[in-house]
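Common to both upcoming complexes is chain A, partnered first by chain B, then by chain C.
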Partner chain A sequence: MGILRVARAHLVTALRERVTLFWFLIFPVFLLVLLSAVFGRIGEGGGMQFEIALVDLDSAGEGSFSSIVVGVFEELSSPREEGKESLFALHRPAADEDPAAFLADETARLQRGQRAAVVVIPEGFSVGVQSALMAADGGSPLVVRYSEGSAASEVAAGIIEGMVAGVDREIQRRAGRLSEAGEVVVSDVTVGGGEGSEYIDFLLPGIILMGFFVNGLFGIPGSILFARDRKVLRRYWVTPLSVPRYLLGLSLGHLTLCAIQFALLFIIGRFALGARIAFSGLDTIGILVLAAATFMAFGFLIASLARTGNAGMAIANVLNMPMMFLSGLFFPVAGLPAFLRAIIRVNPMSYLAEGLRASLGVQAATQSILLLVGVPLLWILVSAAIAARRLRWDVAR
Partner chain B sequence: MTTWRALFLAEFRLLLRDRAQLFFTLIFPLLFILIFGFIMADVGEVTARLGLVVGPGADGELLATVLEESGARSVERFAQAPALREAVIEQRIDFGVEWNGDTLRFIYHANRIAENATFRQIARSAEDSFELRRQGLHPLLLTEREDVGANRDLGWFNLMVPGIIAFSILSAGLFAVSGHVTAMKERRTLTRLLVTPMPTVALLVAIAAVRLVIVFASTLITLFVAWGAFRLQFTIDWLRYVALVISSTLGMMGLGTVIALVVRRASSAANLANILAMVMLFLSGIYFPIEFLPTALRRFSQGLPLRHMAEAMRAATGVFEMSATRFWIIVLVFAAAAVALFPVLARYVVRVERR
Partner chain C sequence: MTGDGRIVLRVDGLRKWYGEVHAVDGISFEVPTGTVFTILGPNGAGKTTTLEILEGIREPDAGTMEIFGEHLTRVDRATKQRMGVLLQEGNFEEYLRVREVLELFASFFEASRPVGEILELVALEDKARAYVKSLSGGQKQRLALGAALVNDPELVFLDEPTTGLDPQARRNIWSITSDLRSAGKTLILTTHYMEEAEALSDHVCIMDHGAIIASGSPLELMLGLGQETMVEFSVEGLEDRELTALAGCCKEFRRDGDQLTVETEDLVPTLESILGWSRSRSLAVRNMVVRQPNLEDVFLSLTGRKLRE
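Entry: the complex of A and B
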């Protein structure tokens, strides 16, 4: 009975605290929605808008090649679907504006980061393309001004180049130059597991693990150390409640919080963001339980190393970022230098992330099952052993 | 002067003991740079390591040339398709190409979802060019990239470092009031200090001066580490840099005042400040460009002080162009926030609490 009461107390305290609610529930959801909105649609152009300036110095009139290019840009600057933004927000000189002055002004804006690219259709462009149709050399190039230091500018320049290449093929096809019959068949294949997976399928397990990790790293030491600092724990020990029963209750409360976290993220990921992965396999459930237990044990380890609640939070803060980012949870870590790879090799998160994604079919496991399960288990054992030896259950006298 | 010096030293010692604030001001930027410096070493480069398998009887020379011209950093030849796919899975190459004379198959790693967008861009460009050249044609519409960025050879990481510096300034200023001052109030040390003949202004000046010292130290160490470890180049305009650090630190103390007025409990004020700082970190174009954000968030980010601080810091460190007018407006707005909110801080936050 005492165990359930401690579990309930831990859960109710956590859910009552607005800050806990934010970090354990709202922040993972915020991150899931934000990252899927940002990275889930890179390359598709969806959800992004680039400020582009277009200057037609050719002005060869209707039907010319320059007017075709202008037409394509104008098409891409109108919304693709009702209520959605266009890919480009196009800036063009006014009818009475000097194009050269406009170009100089827009280039300055590009340098200041207010434009992603400036496209210049040079003088004689249409004539150049026309003569290229007859001759064996290429036409006049369309100039794409961009800023190499800006990721947005790089992406915009790439989109423009791809778009121009597409227009070029269409013109060549219509001119009867490009033989459709002889065209190469092109296909894209993904390997490494998760064929057909979307970014959200890759992201969702990562965010769930992150939630469990933050919960264990901050929640467990926070509960124990602040209760110890405020001498709340001391009051427990004058009741019939023993330390093992307290620990069981705390663990049960913690695991229930993890379950709530999982349910919330799963529902949002699946029904609002379109994830297709199902966490129904026994191996998946096993890894999730192992992850929650590993991070909980990690929390006990931190609690045993810190003298006060504030010190515990400081240790957790220092460990938080390296453990999260040096695990392949959000970023690929294949090309890192040896000393960072060493951290990845001892980081239980690396194995749990790979194990969970492999069990869900979104990633092929590169490690044996023995390592994927064994390393987190070893962490549980080591953390529990250290915590059992070092953790003090009352303030120092 | 003695009072002020004593307060300054006391505040300095207190800050050195405040592990949470020291972490966000000093350690966080360094950790961030050391981790992300290696992770993001190649981000922004539209190049890739390619693998190529050419089937029997197919000519691979033209394809290899086209791939090299389309942005491949290297093109490694493989004898068999399974070996190439294995190399993709193990990430020894970024993506693979299988060509049998009729079909061009691009092989991507399923997990590299965000990077695959760049790889597909290279693939599409190669595919278009290969098709034309294979049929003996040449492109009619050519594009020519012209880098007009003020700072050539900069990557996204160059922009990220000043962003992280701006975040550490935000943390230092915000927590100075919403963490430190409210904690002093809660522990009643503030009341004890204020019943002495010490003027309130001296305490505030000491708190602000300590933050400025630590912020200058933190930002300079961060820049030095970024230069030393990753050879990142910054052209610092010292006048702008000093003006921005001072005005934004004080401005963020002003924002901390607003939090302290809304939330009285020290732990709640610090938590709220922490939450606000973290949300701003993700929406201010520090981790990823603003253009990648959904429309509504892009508009929302316009109102975030961290976004303007980050952009101004990029301008002050010479990695981002900003008109002098905009830069000084940002500095003045932060300074104005400080001037307007410091009297509020002195009157309503730093005061003797009645029991």
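Entry: the complex of A and C
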């Protein structure tokens, strides 16, 4: 009986407090709508397509390196199947147009937001690549112009850079510089991918995980520590309520809040934003519960490390951004420096994001199921063990 | 004294030291069923530490406790089922409603009174749907008292229940505690208001520096000072040399600024000499009060200090 009342108290106080209500429910919904509006173009039902201009100032002819690059862009801008949009809508100068004048026009369009990126193959590019391959020093690099103010433009630039890196590796491999092309081209792995999934389908699981994450990271230490500091908890401890019962109630209330969060995001994602993924698979549900539990355990860990509620919020704030962004939750992580990849490798969010997307068929898993479930489980165990030893239930005297 | 004389709580040699600080230094007392037992003392005397041990949120270093006839080294959950505790400091979740707080606390116990009854008892029926956040200090304290009484406890601890409350709110709490006593509950109260101790208690023990320095009914304690009467008055612009002259006619007196208190066993001659003293020196005596000694005087005579300083 006590457990259910504690759960209810946790839930209603979270829903009644405007600050928590905003961060736990309104903010994820807002972010979901915003991101899908920016990247997903609500209502058109289409994937994402970037308007790209390509200028070949090198014009070195058939078989040159510049023609390989042009070929890659042409390939990516032709639809793969009937009725599907390609990743890029490519704009090239007409046969009789002056490339320099075309470049100036397109750069102006980029500034007006009509182009996501302008790719320039500079003069002497092919010769430069050749000499670079021979002497291992740089020739004239490919130039990608993009607009920093525009999110779509930055994403497009990122994709092009990744693509170019892939092209580079391919050239190097052909030149015998790399023995095996073991790495993948990042371009169409993530966004508007080839299996008919839309950006919203990629985004929705990420936002749901983010919601659980913020909820656990801030909600749990917030509830425990502020209640402890204000001696709300001490009033419980003079009654027969035990700490395990209180914890059970708190956890139950927390998971219910996560469920509400999930339901809200799912309904909006599905019916307002046109997501097609269904969260009905047993494996999907399992990973959602695992995610909520992992971040809840994380919250207990933070609560056990902080002396006061404010200190707990500070720790949560410090962990919040790196854990969210170094996880593959919002964008692909290939190509990041090694030390950042190391963080990603220990971050349970990476595994949960991958596991959830894999279970939904949005993106294929690159890790074994054992790791996808094992790493978060390990985090739960370690967090719970530390919290059980360190967490203080009354203010220090 | 009411009740059947059975002992509901017995403490023997209870001790709690924090390094050099002897918060509770080996105290012993017993509380019969159905009485109000008050621990009176200044801040830092060890009252709250004593209560917190008995409430089960601290463990004693030494000593024994017997509650409801059970010998305990620390207060267990079964004992807490039959106790009610109003902590000196504490809060409730701000966004819970009054009724929800009482329902929450009721759920912690195996048996509890209907929440409606508790609301009536602490006069918060009108506020049942209000958030804790919106309550006044007095209302919050009544809610805390209500939460302490949800399980219809036999033994109730009230740690400084009226500290920080305005006179009206204080009287409300007093009236509820009197009703509890009439209902046969045993109350253990701490306070540093001697009026509160005098008005509510069957038995008072005075604590200072972790030890009990006097114990008895309020009347016994006050009579312990002898057949003395207190004369209080104030003299504006009082100078030390005037006092020397007063000392000639009144043996026992003390001064606090312009305020003088004279203790006497023989009231009329003392009054005459005070008046004579003031007339001969052209001093204006104001606000003269003749009264019986109170617990404040008892504390002062035992320790040389006032209760609230």
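Here is the rule we go by: the second predicted complex is superposed on the first by the 243 of 397 C-alpha atoms of A that agree within 3 Å, B and C clash if a C-alpha of one lies under 4 Å from a C-alpha of the other, contacts with A are read in each partner's own complex, and residues count from 1 in each chain.
Basically, contacts are C-beta pairs under 8 Å (C-beta built on N, C-alpha and C of every residue); 3 or more make two chains touch, one makes a residue touch a chain.
Treat the numbers as computed from the prediction; the structure is a model and nothing was measured.
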Tell me the contact category for A:Glu97 with respect to chain B and chain C: first, second, both or neither.
neither
Compare chain B and chain C by how many residues of chain A each one touches, and report the one with more.
B
A:Ile160 in the overlay: touching chain B, chain C, both, or neither? Say first, second, both or neither.
first
Which holds for A:Phe30: it touches chain B only (first), chain C only (second), both, or neither?
first
May I ask you to decide whether A:Lys231 touches chain B, chain C, both, or neither, giving the answer as first, second, both or neither?
second
Residue by residue on chain A, keep only those touching chain B in one complex and chain C in the other, then list them.
none
Chain C residues touching chain A in their complex are 55-57, 77-78, 80-81, 83, 85, 87, 89-96, 100, 103-105, 107-110, 131, 144, 147, 151
Chain C-touching residues of chain A, taken from the complex the two chains share
1-2, 4-6, 9, 12-13, 16-17, 227, 230-232, 234-242, 394
With touch defined as at the start, can you tell me which chain B residues reach chain A in the complex?
19-20, 23-24, 27-28, 31-32, 35-36, 38-39, 41-44, 46, 85, 88-91, 102-118, 120-121, 123-125, 127-132, 134-135, 137-156, 158-159, 268, 271, 275, 278-279, 282-283, 288-295, 297-298, 311, 319-323, 326
So, in the complex, the side of chain A touching chain B is made of residues 18-19, 22, 27, 30-31, 34, 37-40, 42-44, 47-50, 65, 69, 85, 107-108, 110-113, 116, 118, 129, 132-133, 136-158, 160-162, 164-169, 171-172, 177-179, 182-195, 197-199, 202, 310-311, 313-314, 317-318, 321-322, 325-326, 331-337, 340, 357, 362-364, 366
